[in-house]
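Below are structures written as structure tokens.
You will see two complexes here that share subunit A, one where it goes with subunit B and one where it goes with subunit C.
== the complex of A and B ==
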């Protein structure tokens, strides 16, 4: 298994954190700039979530594109392509974590929850120097994240 | 969950309020500052609450307030609040604090009778709920430190926000 990259977004679409362990196709060859890359990633999961909710065969579905509240409609946890698997976690506070791994990775929901609760909350939100809503680059966070990702064998 | 000694917490809070009074010299400015500090705590604390309580979603405002009173107060203050006095529309209610560790050992001296000693709690609730797209107003209506038999927080729902796509299509 391999982990490619990870994104943290807030509700406003600001990319709070980005890290790539391994990205054979560089951003330059893809979206061009990292700002565009982040915006495309945000658009990808945002639209996918809206579509998933609109096509839900089980629940009263809102028309496509109608603004939803978090938790109001169904959501996706991951999707897999032949090249990579995208894992997605959204917290009711609007934080969104996207982790791209190889397609053979299993269900990482618990692990994303761990990254959220035990790494992000502890190292970033409890850091008095951190201003909420701003991108962060805290060493302790990065170190713990790497350590955890490595411990998963990614 | 990590815990600290309740007395240290109470005394630290007390000395902080004392310092604010010394610095700002105006009781209403202190009340405002406490609310502001609470707000800044609340917008961070919500993620810890969500991550540790594994709260996914609340069906309605009543359920949200219930979680705040039962799970939130338990997690951060080791106490609970009773939720009562709902208005007919279900948008306003009162949180009654039977036991509030912040007010242990506290007496308001002369000249501080308008101090809302625990105003930080109002800010915390407002800030935390704002992060989950619930805009509220919160204030103390009764306070044991000012002679009431219980402390009562009035919580009013203003609006519920939806998730909007934050970018314009053409940029």
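== the complex of A and C ==
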């Protein structure tokens, strides 16, 4: 199982952290530039969230077009293509974590929760040198994240 | 059962305390944080020595600070205690919990910039060490040891607290 890359987005769509372990197809062949790549990724979630809520066959509320609050309605966890699997987690504060792994990855929701709770919250939010909302790249966070991903066998 | 508070609350409060005082300019921030720490240190020392025997010698007081006080406030004991037997003690803590989360962006590999980055972490740590120093000073003062306390964190999270007992 291999991990390709990871994105952290804040509520407004700014990419706070991006790291790629292994990305054979260069960004230029894909979206064009790094910024475009991140914008496309963020736009995807917005559309997917709206789509998932609209197509939900079980719940019977919410007119189409009503703004979706975080955690309400149905939330999508991951999608799988023949080449990669994309895992998604949205925290109550609007922070979105996206992880691309190989297609045989399984359910990584607990791991994403750990990355949010024990790595992001501990190393970034509690860091006195960090201003919330800005992009970050502090060493402690990077070291812990890589260590955790490696320990998962990715 | 004593009332408890989550460690996250305490960490975030200490962090914001330093930043809030740093932002305003009505009072000098270091002095304000020091005053808060001193008073709190005295009260904590009172609480933690409530049920034990009297501590006489300054050395005993320092040992109490290194073990019980550090355990209650910073969740571990001091790792190393040195003294010059003439009133100066150096308390070394290899993983000081209040500095454990402090981290900056990785330094660029060039030589001069890397040393500058390391220096900046040490300076940043100094601001956040004012409160612990004041806590220790308050505790010592309340137990009868009049001393000056400074701290230095050359390589966070390891840091050294230097206690210099003032001659009467």
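Note that in this section the second predicted complex is superposed on the first by the 148 of 154 C-alpha atoms of A that agree within 3 Å, B and C clash if a C-alpha of one lies under 4 Å from a C-alpha of the other, contacts with A are read in each partner's own complex, and residues count from 1 in each chain.
By definition in this document, a residue touches a chain if its C-beta (ideal position, glycine included) is under 8 Å from a C-beta of that chain, and two chains touch if they have at least 3 such contacts.
What you are looking at is a predicted structure, and each value in this text was computed from that prediction instead of being measured.
> Touching A:55 in the superposition: subunit B (first), subunit C (second), both, neither?
neither
> Mind working out whether A:11 is in touch with subunit B, subunit C, both or neither, as first, second, both or neither?
First partner only.
> Output check: A:46 vs subunit B and subunit C. Expected answer is one of first, second, both, neither. What do you get?
A:46 contacts subunit B only, not subunit C.
> Mind working out whether A:126 is in touch with subunit B, subunit C, both or neither, as first, second, both or neither?
Touch status of A:126: both partners.
> Between subunit B (first) and subunit C (second), which does A:116 come into contact with in this model arrangement: first, second, both, or neither?
first
> Could you tell me if A:35 is touching subunit B, subunit C, both of them or neither one (first, second, both, neither)?
Touch status of A:35: no partner.
> Subunit A residues in contact: does subunit B have more, or subunit C?
Greater contact footprint in residues on subunit A: B.
> Would you please give the residues of subunit A that touch subunit B in one complex and also touch subunit C in the other complex?
Of subunit A, residues 126 contact subunit B in one complex and subunit C in the other.
> Can you tell me which positions in subunit C touch subunit A when the two form their complex?
8, 11-12, 15, 18-19, 101-106, 124, 128
> Touching subunit B in the complex: which residues of subunit A?
Per the touch definition, subunit A meets subunit B at residues 11-13, 39, 42-43, 46, 67-72, 91-95, 113, 116-118, 120-121, 125-126, 132.
> In their complex, what parts of subunit A are in touch with subunit C?
122-123, 126-129, 136-142
> Applying the document's contact rule, which stretches of subunit B touch subunit A when the two form their complex?
40, 43-44, 46-48, 50-52, 54-58, 131-133, 160-167
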